[in-house]
Amino acid sequence: MGDGPPSLWEWIGRNWDTGRAGSIKDLLIDHLTMSLVPILFALIVALPLGLACVRWRWLYQPASGLMNIVYALPSLPVFMLLISVTGLSQTTVIIPLAFYGVAVLLPAVVGGLDSVPDHVRQSAVAMGFSPLRRLLAVELPIAVPVVLAGLRVVAVSSISLVSVGALIGQGGLGGLFTRAYQNPFMPPVIVGIVLIVLLALIADGLLVLAQRVLTPWVRVRKGVAS
Amino acid sequence: MITFDAVTKRFPDGTVAVDDLTMEAPTGEITVLVGPSGCGKTTSLRMINRMIDASEGQILLDGVPVQSIDPPTLRRGIGYVIQQAGLFPHRKIVDNIATVPHLLGWDRKKARDRAMELLERVGLDPELAGRYPFQLSGGQQQRVGVARALAADPPVLLMDEPFSAVDPVVRTSLQEELLRLQDELNKTIVFVTHDIDEAIKLGDRVAVLRVGGRLAQLAAPKTLLSEPSDDFVREFLGHDRGIRRLQFVSTEGLRLRTDLTVRDAAGGSSEEPWRLVVDEQGGPVGWISWSRPDELEPFGSFLYGRDSMRSALDAALLSPSGCSVAVDDEGKVVGVATREALDEALAEAADG
Amino acid sequence: MNWLTSFFVWMGEFFGNGANWSGPGGIPMRLLEHLEFSALALLLAVLLAVPLGLAIGHTGRGEVLIVVSANLARALPTLGLLVMFVLLLGTASIWPVIIPLVLLSVPPILVNTFEGIKGVDPELRDAAYGMGLRGGQVLGRVLVPVALPLILLGCRLSAIQVVATTTVAAYTGLGGLGRYVIDGFATKDYASVVGGSVLIVLFALVVQLLFALAQRVTVSPGVSQRVNVR
């Protein structure tokens, strides 16, 4: 190799798996962990919360108001404030992302359940479904497309937001950006952006696929949600 | 007058919605377009105000081809009422009604006064002026839709199934309101419906269209009922066409008997099984029979000369006597139409 | 409750320090900078995205642009984009930072404006044309007022995004409140980090509040259905 800066492909080859911390492969794995955990958390929290909001209407106004506020909080200062509680760990990045996820998913769950036509609900009642059976067999399946649309937004934004964590040393692939900035050099930036966008597209594609499988009766809508 | 001159509409996908339509909608009359779903009623209507442009032929408005007029200008001179009223949700009722006057540059006060006047004209409480459309019932919204179309006093009114989204009771009252308004205003109205009863009730002339956009028959409702041009029209008119035709037969010539009215149960000839008891003012009270002299039986009445034979027959069927009572505008009994008299009139109607 | 006490200690240190209240690095100055950069980026984004969204929604042409921009914008990492622009264009002016800021805030406005216009009941559009409104009048007098809640939602989401990204942009040398956080973190000055973070959070909440108020004032009660007159 000469003395000049390495080309993009060279750089990738040299840094993919160095065996030391901070190789691209390591960062990729970190990135996946830090984005997948919040997505799962959001789903696990937002589903029952959404059900509760539909069951007890008065709950929705304050819950969604609170979530609106949570959603408006910029990530970096929230990471910073959390450092004194959870330290410079992945948890510090995961917690805020999980809450953003809930903020996006809650309206989707409520909207999805609201999208169940009243006549469908009524006829399920008339056929003698118990409330729980009705929920599982009728209402949730109908709500799936709207919920999944929300989940797609959560997945894509979580994956891209993780990179901000790099500013506190926990950003997965975002680490490539800080590295590139401190030691001005373009290839890591390109690799970081491309990998993150790719991850996002793959996650999005998987969720679209999931929707096809779960709700064969709905044609997949174009990927535009608020 | 609106003239369709060999008008054809072919959509880009090849659908022929209207096929070689030639007809006239005379000034000051209600012309109804009726026919099964998809037969091209809406398309025909919308070609008049150029919401859709004809592919062939032309439409003339008082002799002027609509194609020669700039669409917005044309539309400001034509009232347009659609099914869901299409009110602007962000504007108060009064501002909704004043839309076209505003467009035409009327001053604020004049437009507002006009809107308030129309609100009452269409039978709405002026209190509603400050409300927003979502605060009104469907029937009220539809009335506002009519008021809005009338705001700039256009000579022509296009109505596309304006009353089909409201319940039957409200629909009936809206229909009557329209006829009352038309009595005062004498607009040239083209009215689209798929309900033949509505067509017959409202139309001065009814155009029946068949699928494919061809005119099957254009005639006054009475002619339509008595002389449908073919099987399609006959079927479309439905089964009780004969009964409905009586709506257009006047009771004017109906032979009445005046010797059957009595002031009390004991009066009248003993030959007659039924006598009609009237009160001091001459209004009908009830029928009485010799077999049950203590009991008044129900009666049915019709406005002599004004109501149709259908009402007269209906009135006869409401009473055990089988006769119907003819009254005048003040509710005084003019006479009694017996079964024989009704029979004669029906035989006459069946002939011509 | 160790972290809670240290939180208050740091807060006291930061806000109690008189030096933090004046001069080029003082709170008022930084606040103004943050406001300036956010407002500039948001304004440019609105000027770009609203007309474009209106045009696409009204004419129905170029919808692909909407789908692509909506999905891509969410997937693009802000920090990566900022670093890329700065490496490409240098740091001589604020523009290498403002450009990605604008790029990232265009999509929410674009998508929501488009959806708002497109979602207007076709009957309503029809009625408007039928009464003789011209294309521009239909857009301006009917479609925009009816779509306003969504257009404003787009602007609000964008504003949230801009405030957050302006903070991150301090990393690449932009002024504003983010400086306290970034610089403080680098020098282990935790009073500065905590104080700055609290300021940014408050700033973001005030921006939210302003948008909520703007919504109340500009959206017709007939559209929000929030009246109970008579």
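Going by the order they are written in, the chains are A, B and C; count residues from 1 in each one.
Here, contacts are C-beta pairs under 8 Å (C-beta built on N, C-alpha and C of every residue); 3 or more make two chains touch, one makes a residue touch a chain.
The model shown is predicted, which means the values in this text are computed figures rather than measured ones.
**Q** Going by C-alpha centres, which chain would you call the most central?
**A** C
**Q** Report back the single chain whose CA centre is most distant from the CA centre of subunit C.
**A** Greatest centre separation from subunit C goes to chain B.
**Q** Please compute the C-alpha centroid of subunit A, do the same for subunit C, then give the distance between them in whole Å.
**A** 21
**Q** With chain centres defined as C-alpha means, what is the inter-centre distance between subunit A and subunit B in Å?
**A** Computed from C-alpha means, the inter-chain centre distance equals 60 Å.
**Q** Whole-Å distance, subunit B centre to subunit C centre, using C-alpha means?
**A** Their C-alpha centroids are separated by 56 Å.
**Q** Which of the residues in subunit A come into contact with subunit C in the complex?
**A** Residue list for subunit A touching subunit C: 68-69, 71-78, 80-81, 83-85, 153, 156-157, 159-161, 163-164, 166-168, 171, 173-174, 176-178, 180-181, 184-186, 189-190, 192-193, 196-197, 200-201, 204, 222-226.
**Q** Which stretch or stretches of subunit C touch subunit A in the complex?
**A** The touching residues are 3, 6-7, 66-67, 70-72, 74-84, 86-88, 108, 111-112, 115, 153, 157, 160, 163-164, 167-168, 171-172, 178, 181-182, 185, 190, 193-194, 196-198, 200-201, 204-205, 207-208.
**Q** Tell me, which parts of subunit C touch subunit B in their complex?
**A** 121, 123-124, 126-134, 137, 142, 145-146, 220-223, 225, 227, 229-230
**Q** Flag every residue of subunit B that touches subunit C in the complex, lowest number first.
**A** 49, 51, 71-77, 80, 82-92, 99-100, 103, 127, 130-135, 148
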